[in-house]
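I have a structure I would like to understand better, so I am pasting it below and will then ask my questions one at a time.
Each chain gets a letter, A, B, C and D, in the order it is written, and its residues are counted from 1.
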Amino acid sequence: MKKLILYAVVGGIAFIIGYFVNYQLFSDRAPVQPINFSHKIHAGDNQIQCQYCHIYAERSRVSGVPNVKRCMGCHQIIKTDSPEIQKVASYWDKKEPIPWVKVYNLPDHVYFPHKRHVRAGLDCKNCHGDVATMARIEKVSSLQMGWCLSCHSKKEVKNGSDCWTCHK
Amino acid sequence: MSGFFERIAGKLKSYREPGYYTKLDHKWTMVIDLDKCNGCEACVVSCYAENNLPVVGKEECEKSRAFSWLRIERYVEGEYPDVKVKFIPVMCQHCMKAPCETGCPVYATYHNQDGLNVQVYNRCVGTFTCATYCTYDVRRFNWFTYKWPKPLEAQLNPDVSVREMGVMEKCTFCIQRIRAAKDKAKDEGKDVQDGDIKPACSQSCPTGAIYFGDLQDPNSVVAKLAKSPRRYRLLEELNADPSVIYLKRVMGDGNSSHE
Amino acid sequence: MATHHTSDYQTGELKSRDLSYPSGGGISYKEVNEDVVRTMTQTGKWYYLALAGAVSGFLAFWILPWAYQIYKGQGVSGLNTPDFWGIYLTNFVFWIGISHSGTLLSAILFITKTPWRRSIYRSAEAMTFFSVATAAVFIFVHMGRPWNFYWTMPYPNQRQLWLNFQSPLMFDVFAISTYATSSMIFLYFGSIPDLAAVRDRVTGWRKQVYSALALGWRGTDSEWHWLFKAYTFFAVFIIPLAVSVHSIVSWDFALSKVPGLAKTIFAPYFVVGAIYSGSAGIVTLMVIFRKAMKIEKYITLNHFDKLGMLLLVMSLLWSYINVVEVFTGWYANTSAENETLIYRMFTTPYAYMFWLMIFTNTILPLLFIFKKCRTSILACVVVSLGINVGMWLERYLILTTSLPRKFLPYMWHDYIPSWVEISMTLGSFCFFAMLFLLFVKLWPSVSIYEVKEDIGIPMRKGGGHH
Amino acid sequence: MKRRDFLKFIGIGGVGAGAGFVLGKVSKPPGAKLIPYLIPPEDIVPGVATWYASACTQCGAGCGTLVRVMEGRAKKIEGNPAHPVNRGGLCAMGQSSVQALYNPDRITKPLKRKGPRGSGDYTEITWDEALKTLAENLTELKSKGNSDKLHLLTSPLSGTLDKLVREFVSAFGSTNYSHYGLFQRKNLAFANLSAMGTASVPHYDIENTKYLLSFGADFSSTWVSPVNYSNGYGKMRQGAGERGKLVQVEPRLSLTGANADEWVPAKPGTEALLALAIANTIVEKGLAKDGGAWRGVLSRYKAKDVASICDVSVERIEAIAVEFAHTRPSLAIAGDSVSSYENGIAGAIAVNILNQVAGNIGVTVIPNGDDLGGGRRVDFSKKISTLIAAANADKVKALIVYGANPVFTTPKAAKLEDALSKVPFIASFSSFMDETTAQADLILPAHTSLEDWGDDFPDPGVGAPVASIIQPAVGPVFETKSLGDIFIELAKAVGGNAAGKITAPNFAEYLKSSWKELYSRNREMAAGTLGFEDFWNKTLQNGGWWGPPRKRTATVSARASEHLTGGPARFEGEEGQYPFYLIPYAQTAYMDGRGANLPWLQELPDPMTSVVWGTWVEINPKTAEKLGLKEGDMVNVESPFGKISAPVYLYPGIRPDTVAVPIGQGHSHYGRYAKGRGANPIEILPYNEDPRSGEAALNSTRVRITRGGSGERMVKMEGSTKELGRGIVQTVSTSEFKRMKKEGV
């Protein structure tokens, strides 16, 4: 009887540890996308500028995912025989947007304008890593508050550690 | 010896003064002309629309849990037929010596460099202290997680977060508009000009009774109105140093055709 | 201790000692040991029934509603926009108040070397600790997001956030945790020799536990010496601490600007109120305790006599401060203060509560002028229960008649508690009872060695006193 | 510990941790999705707001709006600062129109009735089917030669939409197109027509008025063009010049009355006499501009005779008269509580005469001219009673309803519902299930104004020609259609004359061509533009077009005095049995009941009582004491025509012989927020239609108050109405203020 309790306790503790290990450490940093899009090919090999596709980065708080029309703009001609491109084309034919999985996700109470950061001359790499080498996009920054603050204090951003600068 | 004590006292005092750590960038101030205000409550709805305030329903209203960050208080004097009715819009007064700020144990409410008393929703643990200490009863609490029946949620303003259960909130002087105006001014490479910022209530006011601007700018409209002989502040004797300035309503004698 | 100052008791105090132990020197050391250990080892049906009742009450009246509240939101309580605190903070202050007399009294009586302290102080100290625990839970109960409670603790974090040490609530966090820790240590230190005594008389798993708890106590001279030193230190330390804790609790209210709360007299008012309610709590508890544990010979009428005098003094003090509080409010003659007073004293239903409070806290304790009443168990029960009710009402009135009547009359709104709050109030009593029931079973609830001091060195029959 | 035990622990620990890991994986919320646009709309930048200029259609005032749109969703509606009607302000109701757009109780698809009428039992059908059904019904009517038995009942439409509907109806061969609204103010229009020659409310220049004498005009909350008037009010109080004074004459202190410097609680129904007595005093004292013309008519209304009838002292009448005549410029306006009496026309004419003798016409009263030809047309021959009679005589074979909700807003005494039950086919174009729509056999939900095209020619004007444009700020939220498109498609489906006349492919084109025509006619519009396309783009950007102010004047015709009556207005119910006058009034939020389905407006505390989510009965505290009533007690309000119950609100701003009930609640349909809430005072009114104007009198019955009845509790937001000397709303006296101004401090 006593032993059973002991087993239950040990098992329970191990269970909780396992749960949090998964939750904290094994968060999906590079989720599988509906289309196996490679930044390496686009930004790396073909040297396409970030803002060619992420068109709103300098104008809005969001950088914007390229709309399907923009994808098709090139891929109506380029590499139309590739199975991945055909997937894009099938979305286009069905007139459906592509359901990309969000990699850099901020909670609702955070106000993060891409515009201000891009206009301040920050390179996309600073936060998003060297995407030109990534076959599948991967989250390279923790996006935790300490991470934001470390940069804000390093760059001596005006009111950079004021709560309402980044929270809403 | 006395100099020593004075020095200590001065130190303690300056520590409690706002702006001890940083000089204020702005001092946003609202001036409300009570002689213009006719109590129509357009501002109240405007505030609901701008700031994602939930509608709580009759039962909750009965428990005084309505969310209006801005309310029109109405006071009645006298009896029929000599009834005098007075209106006053009351919102967070953004006190420079705010009682609520000393109450919060976790700095969820504090004074920022714009002279605003701000509430950080995601830091709030909900001790209610700020709301209890508030002398103007302007703080509102998220008693539940409020839902917007579809498709009403399409109206929610993305510049303002939807607060979760257990969090205190209050009027922000439409800080998202201040932020947007600053953002725009920065794009244009200049400072925020007087009149660039209009909080939702001020914008919608049909009689134009609500003015908003930077008191530190001597040429702003509010700085001029703040010198009006009609100026007063709500419960000024409590020394919370509020940032909302009211202009007294003109009323009283002058009934040449009466009595 | 016993070895050091028996001589202090060689002169005087005979009368009271006679009263406290009518059997005179009839109690032997062995009997004391056995009586106390008996309370821990022999368990009757009624004990289990009581414990089961307390535990299920705790679960049903506290944990369930609390879980419901956390799930649905604070809105299930009756709290509303001007009155954000309501019963939750009432209970918090009430339990902190109850906690006040145990350790504080024990410490004061220890330093003043009052002999009648000895048989009651252990359970009084336990009461302190348990009521602080109960009070502390209420802090979390009244929080909007209790799952973030740890944000109120200072700990280094990547978010570069720190705490607002200007906040009276922050004072509270430190004051209460210090108080809880020190009173726990105080309780524990005083119990070490007894834990050793228990260790020597039990078997099985208990033996292991008490061996660990007794820290290898053997009763040598140097052990007694160090224990006495440490105990004295804590006794001295705890007196100002206890005073400061309740002052700080009062500052939660007094440092606001709310009419009816922002009063300079609040700190002494709360300290006096706390000792008052705590002493009444001790009396109530002792009556039940001695009856249930059949230890009438250790907790005697003499103790009630002394506690009765204490209650009488505290009652007068409390009443005085109450008069002063009302007077200064009235004399200031500001609209805000006046409205609060009128609301509290002359508006139903608060008027009933207010005048009931005055009756139980000011009029009723006057019975204790008479020794007959002080030594009557019935009178003690009636008066002490009355004071407990009255003191709870005091806290309730302070909050629920001040917050709904703040500065802007448009926002006035009465507070009506919901079933959740009422249930949790009941549940807190169950929680307290549960802790105390477990305590009497697991801990020597009467100080064995100090009671022995009182009995004196065993002598041949008839030669008890010099 | 033995080795075996150790292994067991390791095993259990491993299994536990694995299970935990898996659960962690499973319970993790799925990653957020990033959904791009398929083809990006040109004018949308995600995360950046777009503002569309439009106009508000919640009431008839026609305020210009700016709609804030983000990612294709309307977020907020603000007043257009450039628009001459509202100059940036917008009232509570206008701002709530975004909740009408996203209302959870909107009719999302065309519906066809399944169960009996009024049961709310409908089946969803497609638009094609719905239009076909409607067209079939109409062609059948036509083929049988019953074209004239088609009736159209809409809210007062204006501009191009009105033109389109008129075109359709006349091409179809019917003459029965009528406008209806509870606050159509036809009495006012009729009075102005007979006095000044224009059937509309003139522009009142409150801004430049120094003495405003308002006879029951609640212009701060609901009367005619509240935002425009409020804007003027603000400038009148604290503008460039001297502070203007406001005197309010009404039995129940309205929101405007609460702001007045003086309140004259004249007896209900006697305001016309009071106005004439004031005018007479002005003439008698020789203060009038052209007193001679009016001396004869006015001599019947001597202050000393009228005083006791009105319950206002002679001295007061004289003092008001003197100040009114002396303070230049002054202005008198006749509001709802005056024009809603059975002799409402007389009251409005009396006020016109008062303005005439004080010389205000052309100064602060600026008559309208329909410069642009799009203004709202008031047709006095179209009445609800005509419709009812026709229906009862089997002369209505098909009824199309849009915007109007006559089932809710006509008294039970009119027996409208019975008449409707005799109409074989009712179609509604409403997007909300209101009481009238619930009677419909076919529902074709139209867009709300935020989804639709349109234009608006504000009435009353602002002394300048104004044309606002309404453009869709968002795409349709549900499967609804533009009202104009419905008519255009209907015309095509019905064929014949209608199809020949209405050739535009859709309403947007129709609107544009209509404006093109307007543009070609109007030289002011053409000035400074490079052709129509340029003008059109600018108009869309600005939210409309407005020209410079016009100076207009008129003279009140002496013949108007034939509409004056000698005594006070008549009230139904004997005074002994029914001791109280009943004043049903338009409340800020609900107006004629249309605002009741919007949660913001339901939760908006009434400005005067702070009551939310319900109906209440305003009773003077002294009267309540006599009746033994406390605040919140349920009472029955009983007239000779029916009974409603509602809780009591003790209101010191009402005459002791009067009770007031706000209109707007008591819906039996109209969505989750409105349904089954409060009581509708219109139900217990008599149906006293003025044969000249066709407007039914609201203030025309007495009631009795008895304890009892059932209903919801009253919830009010205020704790106490007493300031208790705490200096919350501080005031300065008028003389002190004058001194301040003089000294320039």
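Keep in mind that, in the parts below, contacts are C-beta pairs under 8 Å (C-beta built on N, C-alpha and C of every residue); 3 or more make two chains touch, one makes a residue touch a chain.
This structure is a prediction, so every number in the text was calculated from the model and none was measured.
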{"item": "Neighbouring chains common to subunit C and subunit D, by label", "value": "A, B"}
{"item": "Centre-most chain, if every chain is reduced to its averaged C-alpha atoms", "value": "B"}
{"item": "Pair of chains whose C-beta contact count is the highest in the structure", "value": "B-D"}
{"item": "Chain whose average C-alpha position is farthest from subunit A's own", "value": "C"}
{"item": "Chain centre separation (subunit A, subunit D; CA means) in Å", "value": "50"}
{"item": "Approximate Å spacing (C-alpha centroids) for the pair subunit B, subunit C", "value": "43"}
{"item": "Separation of subunit B from subunit D, taking each centre as the mean of its C-alpha atoms, in whole Å", "value": "31"}
{"item": "Gap in Å, rounded to a whole number, between the CA centres of subunit B and subunit A", "value": "38"}
{"item": "Where subunit B touches two or more other chains at once, by residue number", "value": "64, 66, 71, 73-75, 110, 123, 235"}
{"item": "Residue list for subunit A, restricted to those that touch at least two other chains", "value": "none"}
{"item": "Shared interface positions of subunit D, touching two or more other chains", "value": "47, 610, 717-719, 721-723, 726, 728"}
{"item": "Overall pattern in which the protein chains touch one another (line/ring/star/complete/other)", "value": "complete"}
{"item": "Subunit D residues touching subunit A - in the complex, by the definition given at the top", "value": "8-9, 12-25, 28, 31-40, 45-48"}
{"item": "Interface residues, subunit C side, partner subunit A - complex", "value": "157-160"}
{"item": "Subunit A-touching residues of subunit B, taken from the complex the two chains share", "value": "25, 110, 112-113, 116, 118, 120-123, 159-162, 175-176, 179, 183, 186-187"}
{"item": "Subunit A to subunit D touching residues, read off their complex", "value": "7, 10-23, 26-28, 31, 56, 59-62, 64-70, 92, 95-102, 105"}
{"item": "Contacting residues of subunit D [partner subunit C, same complex]", "value": "610, 717-726, 728"}
